[in-house]
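Next up, some structures in structure tokens.
Okay, so chain A shows up in both of these, paired with chain B first and chain C after.
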Partner chain A sequence: MMSPTTLIRRIAPALACIGLLAIWQVASLVLKNDSFPTAIEAIKAIPDILSDRESLINILASLRRMAMGFGAAVLFSIPLGLLMGRSRAVAAFFNPLLMVIYPVPKAALMPIIMLWLGVGDVTKTLVIFLGVSLPVIYHSFEGAKGVEEKMLWSGAAMGLSPLQRLVRIVLPAALPEILTGCRTGLVLALITMITSEMIARQSGAGNILFNALDMGQYDTVFAMIIVVGAMGICLDAIFERIRARLVRWSEPQFDMPLSFS
Partner chain B sequence: MILRLISANVILGLAPIALVIASWQGLVSFGFAPAALLPPPGHVFGRLLQQLVTWTFQLEIAATLIRLFAGFAIAVVLGVSIGIAAAASPAINAAVRPIVRVLAPLPKVALYPALLLLLGFGHGSKVTLVAADALFPILLSTYYGASTVEQKLIWSAMAAGTPRYEILFKVVLPAAMPSILTGCRIGLVISCIVVFLAEMITSTDGLGHALVTAARTFQAVDMFVPLITISLLGLILNALLGAVRSYLLRGFPEA
Partner chain C sequence: MKVVPSRSSEWVRPVTPQKPASAIIEIDGVSQVFQTSAHKDHVALSDISLTIDEGAFVSILGPSGCGKSTLLYIVGGFVRPTSGVAKIKGAAIIAPGPDRGPVFQEFALFPWKTVLGNVMYGPRQQGVRAAEADAQSRSLIEMVGLKGYENFYPKELSGGMKQRVALARTLAYHPEVLLMDEPFGALDAHTRTRLQNDLLNIWERDRKTVLFVTHSVDEAVFLSDKVVMMSKSPGRIRHVIDIDLPRPRRRNELLLDPRYQKYVVDIERMFDESDGAGFPA
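The block that comes next holds the complex of A and B.
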């Protein structure tokens, strides 16, 4: 049996969603603007989008690109971050380069990369990869740097090779911090995905959104915003579940993600 | 000895940057990439210097900076005040927490079309987007900093007879300052990126617009120039914030 307070805590996000939609509904009724449909009109337009074959294919293509970019970035960034955290020379080698790349808007590289690789999947996946890598590298680096030396010494004393120490001691110890980075990366992957599709209008969720804007189908615009928002919230909730499973022993520092763009 | 160690690290750090520029130059001069698609680095940086002194380009930078600062300032004011309020009062916390949980993972760029429809194509929609994106990291780190203030400090202030609202400004805010500034740093980089993207999507001026114009006319050199400019701006602003940080935190041990 759940106590009333935990019950309230469970449904609080849902209540917040309903509250925000209610504020939207009231605001649009008050403003009476043609280009600002009410929340109910927007929600009514969602089934139309989701039942349309072409837009469904578009949304799935977006998700596929995002998964590929995110997966590649995680596989590349975690080893690099861990190496940087454990070896001072590797850190000194990569840190300045990463510092210079950090404030570059990754999605803004789209037009340039498009010149070389075309407007297809490769370009968009590459941009997502670039966007996700940096926070994951940074958090893996911080996590690996904070591993207690004594554990590594004991590992060395028991005859583990440097590689074994990295995989069996540093990786688990840095996992909570790495997963924080991955969560930030996930939010970022979604942002980069939408932005890249807005810039290269060819396929995907961002493409539906901005085409609807250009054609003045305002309820589709707002319905797509709800769809994309729901995607973000669901992915974040799923990730949080996995995270809680993997690092049950560690207290979460933030229970909400810090988003980077 | 220490000085030599630092300079060795600096050389090691500059190596990959030099390597990137060298391979960029190599790609062009050995003919792997046509100069129309990948202009040589010397050409790009020359163009950058040449553009930086022209009036029109300075106007573009100014337009971008105005939007960036307006959005960032709104985000700082809202983020710090909501964050402190949520840490100080359980009632506000109960209301803010679920709303933040829902809104924080939402990709804010997706809201941009809605903002365009509501606020028009001018400064308003871009400033709001920047503020919305920079708000959450600042809010969350303020909340985190303010809720981990040592209880003993607050008790001593209360024992010394400080009124409740003054405790907020004299104890909680300074104690949360390191965390707030970390949030501001993340928020600042985000602001730089988002303002550029918003200008790329729809704008009539600003650095992002300069990139899109260049892309439409396939002027590869002019595409690199705004991109490098915004990255430089990000680095400069980040360094300025670092200076502000070391000034504000001059009493803290770890700063």
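The block that comes next holds the complex of A and C.
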């Protein structure tokens, strides 16, 4: 039997979505603006997009770039962040570099990258890579820095080499923090993906959106926003499940009944 | 080495050089200076010399901040002394190694590993086959009284249970010397007593060398063959007291034993004398 609280928690996201769509619907009916279709019109346009071969190829291409940019960023950033967190010399070298890159909107670098690498996949993937890297490096760094020294000493006493300690103690100990960074990175990957396709209009989900905007197909524009949003929510939900499973050992036990229940 | 013999007890004697044949740890003129700010040094340990015999249970007793942990870390190879040398079996200690097993006051368990995973970690690292390490670790877990908790994560354990896991994890890779830093300091009195008894039982089985840091005079006398008393600022050895009480020791018998009581009273007095200040908590 599901308790009432569990039930409410389960259906809360659905309720929130329905509420949002309802507000949208009413607002659109009240405003009666051509460029603001109703929620129902926008939802009706979704099947058209998803059944169109061309659109599907575009969306899949976007997802592929996003996956590649995200994957490369994670593979690069975790080791770098961990090394920075454990070695003062590595941190001293990379910190100033990252401090300069950090506040620069990665999309602002696109014109230069486009100039060098063209408007194709490489440029867009690189921008996604840059967008994802910083939060992952930062969180890996903080996670590695926070690893209890006695834990590393215990490992050293067991005979682990410095590299083994990095991989087998620092990495798992910092994993909760690292995955927090990756989760932020995943959302940033989606954002930079769409942004990059806005700037280098050639293919992708962002391109469909802005083409529709150019042609005044506002229901398609809003339908694409829903599709991209849904993609973000799904990816985040999937990632959260994986994350929760990987770091179950560190989660506080919220579900324990406290004084009343 | 500077030892101040105290006339307050007939059991106190100046340290005489040990027979090198039976010495396992030799600490020779070790000093440790920490630079606390740009031009201020803090002498944590000053010219410490101490010899520990193989199979002996030696406690280091002293007020907070006198450098007990630092001395233990130097023997562990985690910290390099500013001057002097610590040796194990005649070889200078320059790095940690599986011959010296630390048990830290902070437990320092691997939180992503279960109790079993933590205890198996050392043997697996040493190349013991999985099945064998598993069996050995399970019997160790049973020995420290945690049977049934093999698959619990550290966060699911109480402080006393974590301390038991930490002890089992270190025992699992068979270090020749156990380095225990106030292992029972954070525990309540009852758990502390139980763990002291358990530790003695375990120790009496294979008589590993133990270097045991503590704040507590009772604990030091109850457990040790030898109590090394330190004083603060700079950290020095004040007295080395042999505890001549029969083994195996039973707590209930010992508490009634006038010899035990005299050791405790004398050492507490020495503590006050050499420290000047009040008795540490």
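Operating definition for what follows: the second predicted complex is superposed on the first by the 251 of 261 C-alpha atoms of A that agree within 3 Å, B and C clash if a C-alpha of one lies under 4 Å from a C-alpha of the other, contacts with A are read in each partner's own complex, and residues count from 1 in each chain.
Here is the rule we use: a residue touches a chain if its C-beta (ideal position, glycine included) is under 8 Å from a C-beta of that chain, and two chains touch if they have at least 3 such contacts.
What you see is a predicted model; the values in this text were computed from it and never measured.
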So in the superposed three-chain picture, is A:158 touching just chain B, just chain C, both, or none of them (first/second/both/neither)? second
After the superposition on A, what does A:130 contact: first (chain B), second (chain C), both or neither? neither
Looking at chain A, does chain C or chain B touch more of its residues? B
Quick one: is A:113 in contact with chain B, with chain C, with both, or with neither? Answer first, second, both or neither. neither
Per the contact definition in the header, classify A:166: touching chain B only (first), chain C only (second), both, or neither. neither
With both complexes overlaid on chain A, does A:13 touch chain B (first), chain C (second), both or neither? first
For A:150, decide between first (touching chain B), second (touching chain C), both and neither. second
So, A:174: does it touch chain B (first), chain C (second), both, or neither? neither
Have a look at where A:49 lands relative to chain B and chain C in the superposition and call it first, second, both or neither. neither
Common ground on chain A, meaning residues reached by chain C in one complex and by chain B in the other: none
Within their complex, state which residues of chain A touch chain B. 12-13, 15-17, 19-20, 33, 35-36, 89, 92-97, 99-100, 102-109, 111-112, 114-116, 187, 190-191, 194-195, 198-199, 206, 209-210, 212-213, 218, 221-222, 224-225, 228-229, 232-233, 235-236, 253-261
Taking the complex as given, what residues does chain C use to touch chain A? 76-78, 95-98, 100-102, 104, 106, 108-113, 121-122, 125-126, 153-155, 169-170, 173, 175
Which bits of chain A are touching chain C when the two form their complex? 148, 150-151, 153-154, 156-160, 169, 172-173, 175, 247, 249-250
In the complex with chain A, residue positions of chain B that touch it: 9, 12-17, 20, 33, 37-38, 94, 97-111, 113-114, 116-118, 133, 136-137, 140-141, 144, 183, 186, 189-190, 192-194, 196-197, 200-201, 208, 211-212, 215, 218, 220, 223-224, 227, 230-231, 233-235, 238
